[in-house]
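Down below is the structure, laid out as structure tokens.
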């Protein structure tokens, strides 16, 4: 069993708020992250898969296929977008890094399995000082 | 003469577009950077000042004063904000990294001079792959 | 279950030595790390907590609370200090990165639990080439 | 139990190909990584060991000994070399990052055990976007 | 006048040697960099252009055009290649970082001028500890 | 003319204070940087030299010679030391990053000239957020 990690990046706007709360309540809980006119981040996404090494190629999974899968299923939907407004799999959900990491896991898992590997974890960096990691359970 | 550089960071949303152009024209020129629902970045700002070393303190300028000046004049106005909508000194201007760097230079210059140092340059990183530098002329 | 990591930094002096050993013995075992006039580091501290995501906020724990806890319980006591001489929770202990990481874990654990999350690990970087990680057992 | 990680680097040439495949077949599977005239990388190697802290020294293992072991057993054999042609422990094996990480693990394990610590993992970065991790089983 | 910098990367093999010198003479002057079976690097290339900001777009030069120019004229020729053997503009030249930076400057200069900007400098990083910069004269 | 930069690192303790000032006056001007029991940093030193490329070797100056010069003249005197107490060329001087950079320049300049190159600048990073640069005049 060996673990392979691929990093991809996306630049997106987001905002933390609940539509069922007042502006004041949102600001009390989410502070400047609830700014009504949005703010944004250069997100860094680390996707880790695991599996056995194929003795013929020395690969667990072709890295080009892994990269294209991440771009097609995740990055193309998030990059230069608004996480709250533009992303189908985030509709109606809190745009926190925690929830975003969990939803990215769900997006990628079936596509990794199709290539005979397992999705091990999603690590998502919001800034150089904060990141979250989700292992699927 | 010695050069001192201080790095600060801010996370902001922005969009490249002209109100006097159609959506199509904006997209043709600015591509995904003109997404109507905004995107965002973790901007890194490097402020370089220059001056003579004060023989009494070994300083060109007290770094704490430099930091507080950058926070008060620039970061507090940009962090967790929308560059196009929320920032007084960017009103009516293109929110490109080039223009933002030039305007930050104008914001800081008088405050640095007040402390007997000179503002040498503003370097502004939009992503790990792109940055601009402005020397004031 | 999701993992959240917060990075904080502190700049401190330290020295590796035993008072019950001679200078020669200290130098034989600890080499230049036992220099009697101290040396120092820019330490990077990564605090990882884990817990369930609160469905109301999308958070495991408010990051601002996590940050303030780390600053109050750890950084304020270590930053711009001497690890051997100035830090209450390191008195009488070896100032190695290993021991420092374990003691920081003990400092933080009760404060994280108070906020309904668990402290998962402390990772402490002494240089860009060396770090230790402690998971509490 | 505490984990200590040491980073070392090596610059090497390599190529992904099978001698029992045609040039076309190699290029179809390995793409530009099979270029017959080689390409190369600045590899970053993270070696993580684990063990109990020695109460006398505050160490799991003397970091200088760990560093010298990695240099002698791994870096001296790989740095400024051709992974496919010059490295005894890679002869006849695929020069993929996966296989290289596994073979480095095998090289180091007996030498770490001799110092009363355990080799926990080998993490090997090929580029800033790709790395593999191997835990020995 | 404002300066824009774009980073691109390429992974290549190379070797320092002179065909008119013996193996011993090459090794005496170039050390391990002359290993006959090659070694390699993850090169980082920083291309800095300068010019006036176009008031209509806020740009000196469209960054997408700059990126495509660097990819087409430089990266496609160097990435996953052997600098000594595979690169037309390096034929018969020493594959040192110095010479490579100067030749990349010559490759890019006419293409930047065509877009009404000036090539200011080429900075080329061979490792995290070594880089060269060339300003064209 | 081409510029070559070499990075080296050193870990040192220091303190900002004047012996002719009271403890209170030192603390008022230098804040926590004047802590009597010292603090410390992982300093990063960038040495930039310039010169013509030697057509025989493709080098301005042999990087191994540059590295050894920096280690012998600067790093060996500063690494794992106390800047105020242990370093001959800093005796009686303020241990600020500004003064340290200027003194390192003076240490290195004659040794670079001996190798037919010129010392262009010293850049010294105290933390990831602060650095100074000195060009010798």
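Going in written order, the chains are labelled A, B, C, D, E and F, and every chain counts its residues from 1.
Quick note on the criterion: a contact is a pair of C-beta atoms (placed from the backbone, for glycine too) under 8 Å apart; a residue touches a chain by one contact, two chains touch by 3 or more.
The structure displayed is predicted, hence computed values, not measured ones.
Distance between Cα centroids is largest for the pairing of chain E with C. With centres taken as mean Cα positions, chain B sits 28 Å from chain A. Under the contact definition stated at the top, the residues of chain E that touch 2 or more other chains are 128.
Which chains touch which is summed up as A-B, A-C, A-D, B-E, B-F, C-D, C-F, D-E, E-F.
On chain F, the positions that touch chain E within their shared complex are 1-8, 53, 56-60, 63-64.
The touching residues of chain B, counted against chain A in their complex, run 9, 11-14, 32-33, 35, 37-42, 79-82, 85-86, 127-128.
Looking at the complex, you find that chain C touches chain D at residues 16, 18, 29-31, 93-96, 98-99, 101-102, 128-135, 137.
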